[in-house]
């Protein structure tokens, strides 16, 4: 009983079944990738610089709203007083402008402490020095927009008065480096400067306001306990570990996760239906053959095993091709979803993880094997003589 | 300038920098309108007093709830679980410590005025702001929905392809199951044309019946989806709609595929020697 | 034609006791067998003949354990078939019985040799041994040069020879054949006839259901059936 040869008896039927399994496998694979992809992608982003905790205004996530935290120095001191905290970096986000010839262009500004920051990585040039009040870092997009490179001077302006057509604040800054901002969307024109400078530009200096803090904990094992202590010490603020952030994120993307579960289940169900239908009809066509095998002494177990191997082989072939198709379709779907406005360019929705791929593959093959089991069992248990008689007529 | 502009907000005053040094003038008791979800969360109704402020730690300003409203469902905001309230603009501006600042203006044009011309004129003299036609803003802000739509369309295409293959396979199997019947019919002199027509009709009936059941299932699933997500996100947003156009497309596609699959399989059957169909060839 | 004689007093290897078989059909009961008893000893060549519907194929199926009687029983090599589990019965068919069917019932995706090897593979015989035996058996039935041909590439007569070789694979105690020449023309049927003769001469116990008078004439014992009864048994004839 050779499964491949049995499948080749009806090449068109087998070809169609393989095509069907291929497409449903691709869908299943994509849904498995989608179900946890963006979380894994986001987690990598959050931990990319090693800061395990985020602090933001109460009831918000970092940069979710325009709310700010007052008294940044005091807040920072409280956090650093905890022995488990290695670093606490303040962060301020603000809309501002830059002069480009005789026009103004809109930029997004980050006020940072370069010693403790988690939002950019240096691509070229050098980072800001801790006391560099005349330096600025540009993203590639803002560098192109302003036509400015390392060593050039840019003029940042803020607090514009539309009536008087003047800016209340102007700063001429020297470009120290080109960076990529980890949380920026594709093509976002951003700049980074020291926090006090950005506070001046955004008129946040008086109350020493920041948008958020990033906090580095000495030891990952003490993360949960440290987060609790910070919450107790700063009850007016929102303290989230990376795990908490992921939970919030997960809630926001619940639609995609549920969609992935539903579509993944449907794909699996369709595969089962397809293989089961094919094997049922195939087995029914070969009832006479099966009865003969039983008559000459082949056991029920051997027959059932043979049919299950046939179903499994079909699923394995279709599934293998489906994995290849799934990778291609995942790339296509990812291109669609990563066009979400405001989504960090570093985020991906479809992230392959060997373990989940393996689980999906095993589930699929097992499903294919079992789908043929029931019809095979029925056929193997059919009365031999009656089957031979009806096969002869 | 004869632009036919009508400003919906009249808010002119001294330059921003001068005004900023003056302390904001707030009434003793603010008047606010809460969205329904926030009112439920706070357990507050019209006439109740709440405290609002910029920072979680502070005491905040006292405000009386003047109204509870149901906001227009905004798909981009439902997952954020944010709560909204409304204040009079001067109150909010004063609360923020920026009495002369707004985020945007909404500008209404007199009949006959063209938004494109108006925005160009505004942008010529703009400093620190930019004007856009509302249609452009709507287009930009609907980018999120366009992405989701494209994603759904892509998934739909994959699903349709899978369904089509499945349908083809099943039709082929169903017709092949009838090969001995077809052989007997040929033996007894029934023409190929009659056999083909009979098998085709069967295929169409199966496809049509499947379509009807499928449409019913889709409508039911759509209703369940809306029920579930409206409850889950506490919103009046409609998540799924089965339109006549969608039904028409699905039914036509299904019957078309059934027709194609049935005719391919039936054609193969009638072209085969009946002895081979019978199993003796 | 010489015939090996049996040892006097040797116990029968196949015994049927008061076999009855009823089938429900369209609300009525068809009595296919109405109390049939017989014994077959080692080395016998038994032909069961009778008109269509007399119950001869039903009798063969009951003797082979592929159908269960309404009442009565069958004993093969001392084992009562009605007391055996399905697994044991299957094992018995594999090792003690060989079946030849009217419509050959070869597996079309396998070659002639693979069809013959099938029961040996099921019995757990290793590959080399079963390949050798399959070649030997196919040579015995005159198909040594057709070992690697698919079953669908063989003629009717060739397929029946392969079926016979398959039936002999595990050295069964009894070969049961149901209309082995039913699907064959006269010339091809003659070849099968010759094979059965040879098998009988070699001491193989044969029970053959047949309409073929030539096949019946070759048998050392002919059982005539009618309406579910045995009406004549040449073994008992004076």
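Each chain carries a letter (A, B and C) given by its place in the written order, and its residues are counted from 1.
Criterion: a contact is a pair of C-beta atoms (placed from the backbone, for glycine too) under 8 Å apart; a residue touches a chain by one contact, two chains touch by 3 or more.
Keep in mind the model is a prediction, meaning the values are calculated, not measured.
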What chains touch subunit A and also subunit C? none
Looking at CA centres, what chain is most distant from subunit C? B
Whose C-alpha centre lies nearest the centre of all protein C-alpha atoms? A
With chain centres defined as C-alpha means, what is the inter-centre distance between subunit A and subunit C in Å? 67
Using mean CA coordinates as chain centres, what's the subunit A-subunit B distance in Å? 22
Chain centre separation (subunit B, subunit C; CA means) in Å: 71
Okay, in this complex, where on subunit A does subunit C touch? 1-2, 5-6, 8-9, 288-289, 292-300, 302, 383-386, 388, 391-392
Across the complex, what residues on subunit B touch subunit A? 12, 15-17, 20, 54-57, 79-82, 126-129, 140, 143-144, 147, 150-151, 154-155, 158-159, 161-162, 165-166, 168-170, 172-173, 176-177, 229, 232
Would you pull the subunit C residues touching subunit A in the complex into a rising list? 58, 61, 64, 66-67, 86-87, 90-95, 97-99, 101-103, 105, 107-110, 118-119, 122-123, 166-167, 170
Flag every residue of subunit A that touches subunit B in the complex, lowest number first. 10, 12-13, 16-17, 19-20, 23-24, 26-27, 57-59, 64-65, 67, 69-70, 97, 104, 159-165, 167-168, 203, 235-237, 251-255, 263, 267, 270, 273-274, 277-278, 281, 284-285, 329, 332-333, 336-337, 339-341
